[in-house]
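Before I ask anything, here is the structure I am working with.
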Amino acid sequence: MTPIMSKSAAAELVVAARMRKGLTWAAIADEIGAPLVWTTAALLGQHPMTPEQADAVCRLLGLDEAVAESLTLQPARGINPALKSDPTVYRFFEALSVYGPALKELIHEEFGDGIMSAINFKVDISRRPDPEGDRVVVTFDGKFLDYKW
Amino acid sequence: MTPIMSKSAAAELVVAARMRKGLTWAAIADEIGAPLVWTTAALLGQHPMTPEQADAVCRLLGLDEAVAESLTLQPARGINPALKSDPTVYRFFEALSVYGPALKELIHEEFGDGIMSAINFKVDISRRPDPEGDRVVVTFDGKFLDYKW
Amino acid sequence: MTPIMSKSAAAELVVAARMRKGLTWAAIADEIGAPLVWTTAALLGQHPMTPEQADAVCRLLGLDEAVAESLTLQPARGINPALKSDPTVYRFFEALSVYGPALKELIHEEFGDGIMSAINFKVDISRRPDPEGDRVVVTFDGKFLDYKW
Amino acid sequence: MTPIMSKSAAAELVVAARMRKGLTWAAIADEIGAPLVWTTAALLGQHPMTPEQADAVCRLLGLDEAVAESLTLQPARGINPALKSDPTVYRFFEALSVYGPALKELIHEEFGDGIMSAINFKVDISRRPDPEGDRVVVTFDGKFLDYKW
Amino acid sequence: MTPIMSKSAAAELVVAARMRKGLTWAAIADEIGAPLVWTTAALLGQHPMTPEQADAVCRLLGLDEAVAESLTLQPARGINPALKSDPTVYRFFEALSVYGPALKELIHEEFGDGIMSAINFKVDISRRPDPEGDRVVVTFDGKFLDYKW
Amino acid sequence: MTPIMSKSAAAELVVAARMRKGLTWAAIADEIGAPLVWTTAALLGQHPMTPEQADAVCRLLGLDEAVAESLTLQPARGINPALKSDPTVYRFFEALSVYGPALKELIHEEFGDGIMSAINFKVDISRRPDPEGDRVVVTFDGKFLDYKW
Amino acid sequence: MTPIMSKSAAAELVVAARMRKGLTWAAIADEIGAPLVWTTAALLGQHPMTPEQADAVCRLLGLDEAVAESLTLQPARGINPALKSDPTVYRFFEALSVYGPALKELIHEEFGDGIMSAINFKVDISRRPDPEGDRVVVTFDGKFLDYKW
Amino acid sequence: MTPIMSKSAAAELVVAARMRKGLTWAAIADEIGAPLVWTTAALLGQHPMTPEQADAVCRLLGLDEAVAESLTLQPARGINPALKSDPTVYRFFEALSVYGPALKELIHEEFGDGIMSAINFKVDISRRPDPEGDRVVVTFDGKFLDYKW
Amino acid sequence: MTPIMSKSAAAELVVAARMRKGLTWAAIADEIGAPLVWTTAALLGQHPMTPEQADAVCRLLGLDEAVAESLTLQPARGINPALKSDPTVYRFFEALSVYGPALKELIHEEFGDGIMSAINFKVDISRRPDPEGDRVVVTFDGKFLDYKW
Amino acid sequence: MTPIMSKSAAAELVVAARMRKGLTWAAIADEIGAPLVWTTAALLGQHPMTPEQADAVCRLLGLDEAVAESLTLQPARGINPALKSDPTVYRFFEALSVYGPALKELIHEEFGDGIMSAINFKVDISRRPDPEGDRVVVTFDGKFLDYKW
């Protein structure tokens, strides 16, 4: 019996195969008919895939069974702490430092006491052309859950 | 000479006045003709207001000159660490822990090496009705900046 | 305009009044017809009360309007870090250190990929007589939320 | 002489074998006639098993002697810090942040000065059907220990 | 209604009164007929006293009712982090760093899987004359609790 | 030239050999005529052994020269941080959190300004039978050192 | 005897007076004939001023003797940790995270083993017009110190 | 499929080859016609190189294809925390601790509310001869970005 | 009964009085006939003074009884963490980071297994003239204590 | 091309060879005619050696070329954090916690605003015989650097 390949090891192989085959994340998401951010996050180890999805990805990328098995594993979710200070990732955390308390106030004003779910939740990213420089637009969309005893 | 009232002290007075007068953040934003999240963040101490905006807010809320002066002060931006684990705020940080690395991959795929600006940036929040429960929709919209020597 | 009394200052006054009047938390919960753990947590600053609940509590305990106003305030939730190592509180954190990963496995086995909500959630505590020493029984009861895009 | 296989290495092999053989944690617990949460925690490295239990588990899962030896080892108990922020595990810690001080108050009110033991202690988890969504119910049941000089 | 004096404020007054009246901790412990370490710890805020004990102490030290009330309060136990590096306190932590794992091994060898209770527990300190320099002898004496489901 | 085996690697082999040969720590301590806690701590890597002691231990346990060499190495002392939260070890740290400041007061009262040495120091552990449950008794015994310029 | 006003309290008064009188940092630096960054840092509490400088500043800003005395005090230098994550300050720390190791390599290549002094050191800031947006130019200029036994 | 060589592994090989071949960072930068600090940072893993740059560097240093592939990889930027306290690197962080808040004040005075970009940004280092000891001169040059909603 | 003035409050008053009266630390040390570093450390709150020393210091500095009482108090020793990064203090910590492990090796080589006492210990500081710039010479002088069971 | 052996790996081999050959650090320092503490620190990885020094050390200790190459490498200086709490090392850090602020005061009194250099710096250690127990004497000797713009 061998241990299951760790999801981070599988992610490294996915990243290598994707780069060497010149495939985009979007092409992989299309192949399995799943949303773009979800697919990318899943392949980086944050969501379990179904066996069918995992097999399709591995076929496309030329990866073996051990990777596919790992991709179906239930993850322990979370970010590598070192990555939090990567500038591209950090700007999102900075925006939350500046606007997080305001978002809390406005959620309570509009919805009452509760939270935006991070589980019944989706994220999307798109490019918005702008003459002064194109813009990254990221949308967080989560169900409101009220504190309910 | 007395020190300028701290922006956190001013924010506490704004919160108290808003609550006692039964005003919404939206009503205050309307009064000064500024965006909702920006106004809320500014009143919580994250953006300097112009003297005109500060005066208009203080007139509306019945607050004195010292508060207005504080609201125009250049802030030291950031979140109180204790607030990061408030559940309503934490869900945003959790979403970044799960999706931050995927967003980084997709920004690089679409735009190349660079970041979404958190300075040339705006946030919006809205309520999207949904039969299975209304949803909180938060949009981050920042200019793409490429690493440029 | 004066700031609203902080919820921790209000909690200190509630604790003092409760002790000096010889009232139990259960008696206060009965007075407002709310669950015991919810009421205690609310008075310690973790839930907003309705104005009616806040007024009833303050009448019972002989506390003034400023306390009542504070009790209705939307809280920033969370525990004082120093309290985490109090032995009575710490045993709960220790139990999670030992059993948390097992609970995660069993939630995934029984329910699939998702979480126990801490928002649509209730806690109860009771005493179970036992000849070898009575037992503290604490029940966490939260809605299952599946990861749903 | 070779070192004893670490309990985390043994746990990885148990997890892999369980997944590949399509066995549930419940089936393993049944095989050795031990409680479900205890068995899961023990196999994840938090409790020593008797040699008989360890052998029975390894027979069922097709694992060798080295795993069985490891499962009988006295553990150094505790959670991997990275796992604390996994959303499924985190919700339990969040619930303690919100309700821990209230539980402390109520233990002291009902039992006096002391703690709920985390040693003479058991945990159970079950599913409670609910028309608005089934619920995860987790029960902590520990002997009360009073501070006694 | 005024808040109850904090236990740390009460401890400061006890320390001041003890010093100014030239009383020893032993004299105070004798006055209330309680063990020496327990009494000292209680007056420093780590154990609640009975009203009789608190009144006796305050009479002896010339302290008022507010102190006595505070001394009967249920404490949130724990050490001020800054005090952990005071050399006199630190040596105990250092000894645990060096010998803690050995004590764990020997407890398991002699008693099996379990712990020394820190609740059903007493500490004593004494001076042992020694020609090479007198010695501080501290005894921890706690009930063994075995892991018991 | 090969590096010296690390003391933690040597400790793992000692633990494995001791378990497989069914020997107690007490039996090993007897073999080398050294105190029980000292011997256990030394084998776990906290004290250097003399070559004679190291050889005798390795002969008894069937371990090779490389282990013996490592056991004579001067250690870098200290505890693995992960082990501090193991419940059996943690109770000692908790007891210090509760009683450390009281011990400081009493050392100063009895001895003056100074410390209990953690170097000219010994620890003993014993079992004290008690009808209500046997007790773990741990004695710290260190020379008093006064602050002396 | 009253304590000397803390340098942070003095800095708050300087900031308030400067703002209310509509003076720039440059105007203050001119008044005392000292470099711009040095003067600003000194008034924020990072360098002691001579009594003549302190008096001149206080005359200009209308501040009293207590402020002047504080400005001459030897500082304990360092940044308020909360300010490290202010976006304007953070970008400098981020640049060091990205380029710090490269600067180390290049200092060693050009100068040998040693450091750029942060004591025999000056900083300057200027604005460089640029058609694509003006630029902030900050120069660090420190004496090279070689490791010298 | 093998994973891509990590950028830190590639950097170690670059450092070794550079040292053994007696090449300077400046010589490498010249070879690819890129700025000195940029090239050094890129080879230490902080910037992606174009395939042409990576190939030219590897030809010059006698390194194989796997290194070149790694050098073109998009990095996760940031500093190894252990390196922050290396004295040569630390002096830069210390200078920011002393002068960071002053730089913030002066940026706001000169440019208004905003930041120096760390993305549209360049660094240069040079040696300035000085009779009292040559000086290290490091220039940060970043585009000003104003807070713009 | 009032609390005893904290040693940090007493130290602030000593510092203020010393500055306003233009006295050196050396003059104060002379007045009480105690070593220079010891006296300075004691007045900053790290050693208790005898009542005679405390009275003499307060007479010299024009401070009242409350300060004298505080100076005789047994201290909780240790440094304010913010002060650790003050450049003048930090250089000592940096030197230990670089040379600490070498000092450990050399103490063990010369003395065997043990430590330099920090209790039976004195520090001295002096100025050594040097044509290339005068030097700060600090001597740590502590009794060797061997690990002795 | 192989990476250069890390300085910590080289140090482990030096330590092993020194122990097996029965050589003292002093003997090695004599062999290369360098100061004792400098040599020990350099071999533990804190200073680069010249190729001649590195070769002489490796010849004496019977170590190969790869070690010599590593010894000449420019180090990233600093201490392994785990070693800071080793008792022999910790006593130095404790002494700084107690006397660091006093040393800062006395440096400023004697020299003015500035620091003791940790770069233009040397350390020495010696044994001073004393009838009450020999003493460890460690001297820090660094050039004074005044804050100089």
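A, B, C, D, E, F, G, H, I and J label the chains in the order they appear, each numbered from 1.
We take it that a contact is a pair of C-beta atoms (placed from the backbone, for glycine too) under 8 Å apart; a residue touches a chain by one contact, two chains touch by 3 or more.
Given the structure is predicted, the values throughout are model-derived calculations rather than measurements.
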Among the other chains, which touch subunit B and subunit J together? G, H
Report the chain whose mean Cα position is at the greatest distance from that of subunit A. I
Field rot_deg for pair subunit A/subunit J, CA superposition, rounded to the nearest 5 degrees, holds 145
Averaging only over C-alpha atoms, locate the centres of subunit C and subunit I and give their separation in whole Å. 47
If you average the CA atoms of subunit A and of subunit D, how far apart do the two points sit, in angstrom? 29
If you look at subunit C, which of its residues touch at least two other chains? 76-78, 83, 85-87, 94, 97-98, 104, 108, 114-115, 117-121, 145
Using the contact rule from the top, write out all pairs of chains that touch. A-B, A-C, A-D, A-G, A-H, B-C, B-D, B-G, B-H, C-D, C-E, C-F, D-E, D-F, E-F, E-I, E-J, F-I, F-J, G-H, G-I, G-J, H-I, H-J, I-J
Please name which positions on subunit J make contact with subunit G in the complex. 35, 38, 47-48, 74, 76, 104, 108, 113-115, 117, 119-122, 145-149
The residues of subunit F that touch subunit C in their complex are 85, 87, 90, 94, 97-98
Given the complex, residues on subunit I that touch subunit J span 24-26, 36-37, 40-41, 44, 46, 77-80, 83-84, 86-89, 91-111, 114-118, 120-121, 123, 125, 127-128, 130, 132-145
Which positions of subunit B touch subunit C when the two form their complex? 9, 12-13, 15-17, 19-20, 61-64, 82-83, 85-87
Subunit E partner contacts - residues on subunit I that touch it in the complex: 1-4, 73, 76-78, 118-119
